[in-house]
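Following this line, the structures themselves.
Both of the next two complexes hold subunit A, though its partner changes from subunit B to subunit C.
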Partner chain A sequence: MTPPLTLDFVAEKMNEFGTADLVRSNRIRIHTTPEKVSNAIKYALDTLGCDRLVTISTVDNGRTFELLYHLIGPHRTVISIAVEVPRETPDIISMSGILPPAGIYERQIHDLFGITFRGHPGLSKIILNEDWPPDEFPLRKDWKKNPDTYYGGIRKEGV
Partner chain B sequence: MPEVTVPIGPHHPALKEPVNFKVIADGEKIVRLELDLSYSHRGIEKAAEQRDFIRVLPLLERVCGICSHSHSTVFVKGIEEIMQVEIPPRAQYIRTIIAELERMHSHLLWLGVAAHEIGFNTLFMWTWRDRELVQDTLEEMSGNRVHYGMNEVGGVRCDLAPHQVSAALERLPFLEERIHQYTDMVNDQQTMLLRFKGVGKLSREEVLNYGAVGPTARASGVDYDVRRDDPYLAYADVPWNVVTDTNGDVYGRTCVRIGELHESVNIVRYCLENIPEGPVRINAPKIAPDGEIMSRYEAPRGELVHFIRTNGTNKVERIDIRTPTLANWTSVAMCLVNKNLADIPVIVAAIDPCLSCTSRITLINTPGGKPGIITFDELRKRRQISDKGRGLP
Partner chain C sequence: MAAPLQCLSQRLVNWARIKSPWITLFNSGACNACDIEIIACLMPRFDIERFGILAKGSPRHADILIVTGHVTLKQASRLRRVWEQIPEPRYVIAMGACGASAGAFHGLYHVMERVEDVIPVDVYAAGCPPRPDEIINAVVTCLNLLKEDQVHGGKEWRQRRVREIMEPMERKAGI
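Our next item is the complex of A and B:
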């Protein structure tokens, strides 16, 4: 283990990608834009000594979809790179080329939120069953179960 | 030879849980692996957004039938941090004891399943018998064998009576002796050495690149362990070591898990002997202020992450659960490439996959023996009788 990263150090290094803030004693969040996210992650891997993707968290805040890429390294400081994706055109570049574990998380997010990841090698269903309607994304805040839609499982009698 | 697609699962004798692999094979060699995990998706993240903090805990506990305490602890510890509530030290120790007992029962279960996958059923019977001792301890402490229901926001639900502490301490020497025996067996049983050594090898770089966690990562010399890196509960007070290995194969993963069994016995003993006096819970606020927390926890299978967003109400705005098994799939898919079809069960079992147990409806037996539903008042009455029986106020 190496000494933890400080906010000043990270803020200075990641200055070109956006602002940094200290969310917790061991977690620093950097707000960036969907265009810069790929470079920001590459830069964090090369310069901040991060070596592993912990997870990609997703939040639907009603206005946009927030994606947070949590990276960690020998310094044991979580670097969260946060981007907001517009609801109307939910698409962003896939990170699976640089970070292989992103592939499975992106497939999950694609199933549940309907965010498209450009350049993903196989963005097929993984979490939802094969009968789930392709245009419904259950973790979006405005999703409501439609009583007339078939979501899989046993069909109602007479249908 | 042309490539052939071999479907395995969701129901298959080699798999313990519903998952579907499409294995693309060239003769006996695996070329590629495709996964489908949809068979036990229950929409818990969505359901959790609709329940308050009291009612969401039983739901989150049921994310998994083996690491049930992990899911509730990682959630309450996150919510308590957002609320800025400090829970009493006795509650921290009780949570740690349950957490380590859970790790012991999970690792013993895994050892049995791994032995079963290679056809060594004697070891399977032995570990599962020894695991019963851990289960008995958990049942004595919490009243339940699987979903302990110990956590609540602000502390734990029930205290440990002195006779429970001594009963648990009495069981530890036997378990310790058995674990020593397993250490010897792993090192000199030909059956295990032949099937474990060199199988499913992952180098240190591959583990970091594919984002593997827990014993899978530690067996390749990657010393990530949240209990030490970001101490929670009572781990900062307890003397213990992170177990790592450099073999990187199924043998290494077995050694790490058995090493962790030793550590867990010592942690449980230390906590039981040094448990502080005092209350076990405080009155936590019913609502959480606006906030965001990424709560991490070292579950038996590896790092578990709950990303929680709160919005000033008594419900969460969003809870994003990343289970250790999801993080480990990438490494499995990668390390199976170019291996034999026959090694699939043991390599898959080596990450200890947990695809979450299927949801069930429980009917409670009334004293007359007929299935029915118990009233809240009666439940409370029974609880008071059971508390009295255990010497609790």
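Our next item is the complex of A and C:
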């Protein structure tokens, strides 16, 4: 069995991409920038022995959107690569080319947060209904349900 | 009120329908607890097949539709389509608190308020989730409604009855 990765080892290896810190005993977070995220994930896949994506989680912290790519491998250490995307231009490069399972998470994030992934082969609706209004993103913190807007589904008068 | 005169084949069909109601399930976005209770109904402890109640996979074979859970916006049009495929006379049971008022999910961004907003509901099974005996009770209530509807020739008498009860009360309250 491969031994778990240590913080010092990861921090030294991922030095060029950003700072690393230990979130929990088996979870190391690397703070990087949107330009370097593609290379950081490629590096973690090739050199650190990560071979799969757990999930992509998104946080709306009020100022920016924070994307976390959680990668894991036989060493059982989760490498979380954190990127901050500005709220005004929510736009980042798609990982579906080097990490095929990332595509389906990116479609979900596009639905719920309105972040555009450049280079994604098909950014269509996956989790919301097909007739959901295009400029409403329900998991943003500043989103409120508007009683006058029609959100799709079925109209009550039709029954 | 006496039953209207029906031909023999019609009486036979009605008799068979009451003896063996076929149900179909539709999960419109539930948390799976209601579905587990329905599975418990089919298992040997409750075993609803001894009453002739049979769970079918296709809505085209069913008499009673059981809707488990609140209706998400995405499932609303699908639920309507499933309901339209059930041959008449069709009956709908809305299961649990979610079927009546979306329960714990009330007011969420992707949820219809009630099952009644999408399709007409005949029986509500209360609980979160309802116990298997309550589900059996709901099906039996449905069969009693079916019997009465045959006597009255349709479902309209129920709304008339509600109006007869409600109107004097509303007049008294001055609504």
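Everything that follows uses one rule, which is that the second predicted complex is superposed on the first by the 155 of 159 C-alpha atoms of A that agree within 3 Å, B and C clash if a C-alpha of one lies under 4 Å from a C-alpha of the other, contacts with A are read in each partner's own complex, and residues count from 1 in each chain.
Convention: a contact is a pair of C-beta atoms (placed from the backbone, for glycine too) under 8 Å apart; a residue touches a chain by one contact, two chains touch by 3 or more.
These figures come from a predicted structure and were not determined experimentally.
J.: Could you look at A:133 and tell me whether it touches subunit B, subunit C, both or neither (first, second, both, neither)?
T.: neither
J.: Please indicate which partner A:57 is in contact with in the superposed arrangement: first for subunit B, second for subunit C, both, or neither.
T.: After superposing on A, A:57 lies in contact with subunit B but is clear of subunit C.
J.: Just checking: does A:78 make contact with subunit B only, subunit C only, both, or neither of them? Give me first, second, both or neither.
T.: A:78 contacts subunit B only, not subunit C.
J.: With both structures placed on chain A, which of the two partners, subunit B or subunit C, ends up touching more residues of subunit A?
T.: B
J.: Touch test for A:70: subunit B only (first), subunit C only (second), both, or neither?
T.: first
J.: Under the stated touch criterion, which partner chain does A:24 make contact with: subunit B (first), subunit C (second), both, or neither?
T.: After superposition on chain A, A:24 lies in contact with subunit B alone.
J.: Using the superposition on chain A described above, determine whether A:151 touches subunit B (first), subunit C (second), both, or neither.
T.: second
J.: Would you check which partner chain A:103 touches, where first means subunit B only, second means subunit C only, and both and neither mean what they say?
T.: It touches subunit B, and subunit C stays clear.
J.: Of the residues on subunit A, which ones does subunit B touch that subunit C also touches?
T.: Comparing the two interfaces on subunit A, one with subunit B and one with subunit C, the shared residues are 128-130, 138.
J.: Which residues of subunit A touch subunit B in the complex?
T.: 1, 23-24, 26-27, 51-55, 57-60, 68, 70, 72, 76, 78, 80, 99-101, 103-105, 108, 112, 122, 125-130, 138-139
J.: Which stretch or stretches of subunit B touch subunit A in the complex?
T.: The touching residues are 34-39, 41, 43, 45-46, 81, 208-211, 223-224, 229-230, 292-294, 296, 303, 305, 307, 309, 317-318, 320, 322, 326-327, 329-330, 334.
J.: Mind pulling up the subunit C residues that touch subunit A in the complex?
T.: 71-74, 76-77, 80, 109-110, 112, 116-120
J.: If we count contacts the way the header does, which residues on subunit A are in touch with subunit C in the complex?
T.: Touch residues, subunit A against subunit C: 128-130, 132, 138, 143, 145, 151-154, 156, 159.
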